[in-house]
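The structure's right below; bear with me while I get my questions together.
Letters A, B, C and D mark the chains as written, and numbering starts fresh at 1 in each.
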Amino acid sequence: MSIRIVITGGTFDKHYDEIRGSLTFKDSHLPEILKFVRCSVPVEVELNQLIDSLDMHTSNRVRVLESCRRAPEERIIVTHGTDTMVETAAVLGEAQLAKTIVLTGAMVPYIFNNSDAVFNLGCAVAAVQLLPHGVYVVMNGRVFRWDSVRKNRELGVFEETGR
Amino acid sequence: MSIRIVITGGTFDKHYDEIRGSLTFKDSHLPEILKFVRCSVPVEVELNQLIDSLDMHTSNRVRVLESCRRAPEERIIVTHGTDTMVETAAVLGEAQLAKTIVLTGAMVPYIFNNSDAVFNLGCAVAAVQLLPHGVYVVMNGRVFRWDSVRKNRELGVFEETGR
Amino acid sequence: MSIRIVITGGTFDKHYDEIRGSLTFKDSHLPEILKFVRCSVPVEVELNQLIDSLDMHTSNRVRVLESCRRAPEERIIVTHGTDTMVETAAVLGEAQLAKTIVLTGAMVPYIFNNSDAVFNLGCAVAAVQLLPHGVYVVMNGRVFRWDSVRKNRELGVFEETGR
Amino acid sequence: MSIRIVITGGTFDKHYDEIRGSLTFKDSHLPEILKFVRCSVPVEVELNQLIDSLDMHTSNRVRVLESCRRAPEERIIVTHGTDTMVETAAVLGEAQLAKTIVLTGAMVPYIFNNSDAVFNLGCAVAAVQLLPHGVYVVMNGRVFRWDSVRKNRELGVFEETGR
């Protein structure tokens, strides 16, 4: 059973630009991470886009949806910024593809030594293999259906909503 | 839904003794890890023992089984050395508790900067919430039933066996 | 021989604010670093200020100078942002204190896993003990006199100037 | 001013063999470290040997001495295990080469996330440029002459001796 990881950027993949002293994007860290965590599930990594999720417009979300639709894999992880992860999950959820799609990301970039990125990726890799078809958000150990989750921006956590 | 983590030691929790220059045990790193990965699922951590899995005898495995049996939680993660993880899984599996028990560990100790420990813990946290009752080994992204897995010691990977 | 470290902030001590997704200041990482690197020279840490060096005005530099002047130690390290490190070095150099003062910092914050902060601190700790009275900039393995150094902002490196 | 780093192994460069679960040697981490700390001093790295310093015999120390003797550089850092660093320093010191030679190492391997290796390397890089000809041990922020230092094995620290 092979998994596709569709990369969109977000905090997970932020890079530090030492000349400008700011957090930007350069490459994805996913290939490096999958190697050192010795992931033994076959994974296909696809660089869909590298943007901050606050910069995600409808066209960007459609691009993610198109990747999921045409992917030969039935099990897909989408890495995504946390701020609008729920919005993209809704676009994917409403499309009702016959696939299991898990959105995940990080509150702290992978390049920081106290990042939650690797833990979240682990949760997503297990969840995408075990969940039935549908669209889910998997963050910080919790698994949410796309239509019953929101980000609490004051606390910086994802929480369940009544549907 | 609360999770219990029963700690037994293993490579996951190895500590470096700088006076003797060798890998030993001191404390578990689990509480620290759960904090920085911002795990938002309630977790009860139980220090069952801190030993190398090559030093695990029947009495040690019975101690793990007793912890699982008397735990109020229905979902339990057991951290364990990789060398005899499958043997302990068999003891737990044969007991047929009405619980979901996931054994996990690490090929490289958590204290190394290229460890698989945090990724495996992520996989285990998601898997223990999603799997039906039974006993499983979750390592390096893969989920195995206790009675169809073995460690390939030459390659350092877990692989499926015919039951 | 005891060393004083006067902390002013800068890239070295940047903290990641996961709610706002940006690099700010909270505490200094110096006490934690000195512990894990097993620094066996007695060190007195002084939190002078925690600011970006682009926000350093004359009053801020005077505050650093006053700390150096009244310090009982003869050997002082000042951690500082790289953008205006040379300007602060000039204020300290022109004061001609009978002390050895070393300014250092980092191109990449300590909290990143590929930071130069710990290496630069090591260079500074050795240099401050070995150099005669005067004011110096120590960055990325090189030792400069305060009046013959500039930051090359395009390349992100410090380089020697003719005096 | 160019520096030569003569690598001999020791705790600094220990590697974790995940198949055997033990600390061994494979390659040196020096080239990787020099890159991410953005060392801007020209450095020539020489792999002299990769052994535990408890396994260092006279022939091994002569090999280090020969490297130092024939090096075109006047400033040399020798990375070395801590247990017999002082013995090798004595062999180099008695040879009275017209060079500045600094021995350094680590109490905790570089691959551990709380290693002192990078800090010690920073200290050594500054010290080797600033010290007069002679042989020195630079560990954990302190600079010792080769003939007035010993390792306190109970405490795991280097300390000054009367000459």
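Everything below uses one rule, namely that a residue touches a chain if its C-beta (ideal position, glycine included) is under 8 Å from a C-beta of that chain, and two chains touch if they have at least 3 such contacts.
Remember, predicted model here, so these are calculated numbers, not experimental data.
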Partner chains that subunit B and subunit C have in common: A, D
Farthest-lying chain, centroid of Cα atoms versus that of subunit D: A
Distance from the mean Cα position of subunit D to that of subunit B, given in whole angstrom: 38
CA centroid of subunit A to CA centroid of subunit D, Å: 44
Separation of subunit A from subunit B, taking each centre as the mean of its C-alpha atoms, in whole Å: 26
Residues of subunit D whose C-beta touches two or more other chains: 107, 113-114, 156
Interface residues, subunit B side, partner subunit A - complex: 33, 36-41, 107, 114, 116, 118-127, 129-131, 138-143, 156-158
Subunit B residues within the subunit D interface of the complex: 11, 16, 18-19, 21-23, 83, 107-109, 111-114, 153-154, 156
